[in-house]
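Each of the next two complexes has chain A plus one more chain, namely chain B in the first and chain C in the second.
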Partner chain A sequence: MDFNYILDALPDLMRGLKMTLMVSGLAILLSCIIGAVGAALRTSGFKPAEYLVTGYVEFIRGTPYLVQIFFIFYGLPSLGLRLSVFWSGVVALTLWASAFQIENFRGGLAAVSHGVRDASASLGLKRWHHALLVVFPLAARAALPSSMNTIVATVKNSAYLQAIGLVELTFVAVDRIAYDFRAIEMFFSICVIYLLCVFALSGLGHALEHRLNRPFAGR
Partner chain B sequence: MGQASNHATGGSQDVCVEFSNVDKWFGTVQVLHGINLTVGKGEKVVVCGPSGSGKSTMIRCINHLETHQKGRIIVNGIELTENKRSIDRIRQDIGMVFQSFNLYPHLTVLENCTLAPRWVKGVSRKDAEALALRYLERVRIPDKANFYPSQLSGGQQQRAAIARSLCMSPKIMLFDEPTSALDPELVREVLDTMAQLASDGMTMVCVTHEMGFARQVADRVIFMDAGRVVETAPPDEFFRNPRESRTRAFLSQILH
Partner chain C sequence: MLLLEFRSFLFDGLLNTLLLSLVMILGGTLFAILFAAGLSLPSRWLSRPVFLIVECLRDIPLMVTVLLVYFILPNIGISLNPFWSSALSVSVWGGANGAHIIRAGLAAVPKGQWETVQAFGLGGWKGLLLVVVPQAMPVILPPYISLVTGLVQASSLGAVLGVNELLRSAQVLIEQTTIARGGSPAYLVYGAILVVYFVLCWAIAFVGRRLEAHFAKPYRRDRPSVDRGKDPSQVLAPTAPLDIRT
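Showing the complex of A and B:
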């Protein structure tokens, strides 16, 4: 393996990494918001909203991710909605991750006891105060481990977006291989870079988990 | 069945809680049958009865945690309807303590106590904390203010829950089997706190099996069975000379 070649390619790889982080960062942020709102709707008792959210989750889980990406990038323009490569990527990744985050948050909501709802009601708390101040923090804590899995998967699944020509980390590697045939150097490099990203995220997740678990440490 | 007419015996003329002919169903199962009950201001009422007799359901109707289907419930002069405003209004006057404490596990004891005053009444953080500390002192756990519920014993958790309710300055306190989830040696401290609250003149409705507490504190004891009020009497009379055979059977089961 030629390490000088890797050093030489590093600026390109960093540009790719920047794009990977931007697309996945946006998708993670948006999918967590959609996940929380979607899970709330899914358990709201309002049937049309429940069916809509369930249908969405089933659709995303039941179709190949690559097909979803192509549908958005190649399919939507013929319906009159033309998105740039970047935004197609963000939308595809967000839609994919949201479906899983909805399920993660739904699990979190189920873990919140009915007792605290009685307590809030008896204290006269408004429903949305209860939702924001009591249910959300408790559900987020319960959902965190599975939610972290989805967040890590979101970063890794940004690699698929090279298929529509988004110049992210995997695209850069594949692109250089097409010219220089240095497959082992390039794939080794991007594997290490992806691993480092995932380790950083996992570390962050564990720290957050530890912090959210503090009140429960005595148990 | 001896459907007693339960009107406030002595004490104040003011009526805090009034049930007239209240029926409630869970689906097709009727759990409350024509409940009549009046609780006067400052009165302490203990409700007992076998499990499934509807006593918890009844007191949960008082602050509309459960909805009744027939009859009328009037709390502090406001009738309980589906009107959200009137429910919120009534709930602000009623504190409730639960069998399983129901503290907010992610908040410290102090934060548990200040949450509702701050968000419901708009009290400033500083004032809410001062108020909370005063009540935590009253239930004798001021040193636990910055602890999380999981770091407290059951008795301490229940006293924290009582303090949390008191921080909303309720006019009525409801207790739904407050000592049933506690280890035997922790029951006393919670009952003492409740007795102290009673001696301060709080209006109280307690569902409990602690007959010693009923003897010591109650103005009236109500016995329920199968969704009906079977008997109601001052504690002396209730324990010494119960009228109904069903009451006698129950008492012989729980008093040794």
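Showing the complex of A and C:
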């Protein structure tokens, strides 16, 4: 293995990493919002919305992610919606991650006990206050571990976007291999970078979990 | 209509997808059993490296694993065609995820069962297969079915390497018709194969539920009324959360 070559390629790889983090960061942010709203809709008791959200989740989970990306990037333009590579990537990744986040948050909502509702009612909290100030923090805590899993998976799955030509980490590596044939060096470095990202994120998740559990510690 | 006109071409793609998925499921199961055995080796010096390999495989994006196997293996003198290369990489990935499912399932069987089996002289493989594994099934099956659908979906990665499976057929069809007739039918073709994959995964989930019901039967009959109607996997033990769908 030639470490000088890796050092040489490092600026390119860092540019790729920046793109990877940008796409996945946007997708994580959007998917968490959609996940929370979707989970609220799915448990709202309004049947059409429930069926719609369930259908969306089942469809995304039941189809290959790669085909979803191709459908969004190559299929949508002929339906009149033209997105750049970057935004196609963001949309595809967001749609994929949202399906999983909806499930995670739904699990979180299910973990909030029913007594809480009575407690809020007896304190005279309005419905909105009850949902935002009582249920949401409790549900977010319960959903955090599985939600963190999905967030890590979102960063990993941004690698699929190299198939539509988004210049992210994997694309940079494969592109350089096409010119220099240094497959071992390139794959070693991107594997290390991805592993570092995953470890950093899951470490952050554990720290957050620990921090959020403080009010419940020692009980 | 375009899809009907080229249905035999797309059907060939579907057959290849099914074949590739089958190889991946069998290979993934094999690797899962091997890794699970490796993880439960008595010596830490032996089980730690296996754990490390499994963790790396789970943490590196599948896309990278697939490309890595395809580009690196020729460097060390093994050249596989795209079909076997993608089958190998996805199988190893599936094995790493499956290993944890199998290990969690076996760990959920109460220790007393192992001891009873040995007391009855059913040591070794026989006791494992006849007594412990059937009891582990209610815990193993739900995430395992999920892994199997994940593997079927991962077979679409073969298209990246150029295996002639369903997604690749769709790509070829779109390219050819765009050149020959003008106007891209991409949304139609990709939309159609999305539906095909969805039906495929739905069918697997359906069969999976039947299997789960089959293995859950003993618990319905014998358990006291408290547990009746509950999901046996919840009665036994929770499994580790898995996010394996890609």
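As a convention for this text, the second predicted complex is superposed on the first by the 219 of 219 C-alpha atoms of A that agree within 3 Å, B and C clash if a C-alpha of one lies under 4 Å from a C-alpha of the other, contacts with A are read in each partner's own complex, and residues count from 1 in each chain.
Here is the rule we use: a contact is a pair of C-beta atoms (placed from the backbone, for glycine too) under 8 Å apart; a residue touches a chain by one contact, two chains touch by 3 or more.
Keep in mind that this is a model prediction, so the values were computed, not measured.
**Q** Check whether A:H129 is in contact with chain B, with chain C, with both or with neither, and answer first, second, both or neither.
**A** Touch status of A:H129: first partner only.
**Q** Just to be sure I read the superposition right, which of the two partners does A:P137 touch: chain B = first, chain C = second, or both, or neither?
**A** First partner only, chain B.
**Q** Check the residue A:Y5 against both partner chains and state whether it touches chain B (first), chain C (second), both, or neither.
**A** Touch status of A:Y5: no partner.
**Q** For A:Y56, select first, second, both or neither according to whether it touches chain B, chain C, the two together, or no partner.
**A** Once the two structures are laid over each other on A, A:Y56 reaches no partner at all.
**Q** Give one of first, second, both or neither to describe whether A:V174 is in contact with chain B, with chain C, with both, or with none.
**A** The answer is second: A:V174 touches chain C but not chain B.
**Q** For chain A, which side has the bigger count of touched residues, chain B or chain C?
**A** Between chain B and chain C, the winner on chain A residue contacts is C.
**Q** With both complexes overlaid on chain A, does A:F86 touch chain B (first), chain C (second), both or neither?
**A** neither
**Q** Is A:A119 touching the first partner chain B, the second partner chain C, both, or neither of them?
**A** First partner only, chain B.
**Q** For chain C, which residues count as touching chain A in their complex?
**A** Listed in rising order, the residues of chain C that touch chain A are 56, 59-64, 67-68, 71-72, 75, 149, 153-157, 159-160, 167, 170-171, 174, 183-188, 190-191, 193-194, 197-198, 201-202, 205, 241-243, 245-246.
**Q** Using the touch rule from the top, collect the residues of chain B that touch chain A in their complex.
**A** Residues 63-65, 88, 91-92, 94-96, 98, 100-108, 115-116, 119-120, 148-151, 161, 164-165, 168, 174.
**Q** What does chain A use to touch chain B in their complex?
**A** Going through chain A, the ones touching chain B are 113, 115-116, 118-119, 121-126, 129, 133-134, 137-138, 141, 212, 214-219.
**Q** Touching chain C in the complex: which residues of chain A?
**A** Residue list for chain A touching chain C: 59, 61-68, 70-71, 74-79, 100, 145-146, 149-150, 152-153, 156-160, 162-163, 170, 174, 177, 183-184, 187, 190-191, 194-195, 198-199.
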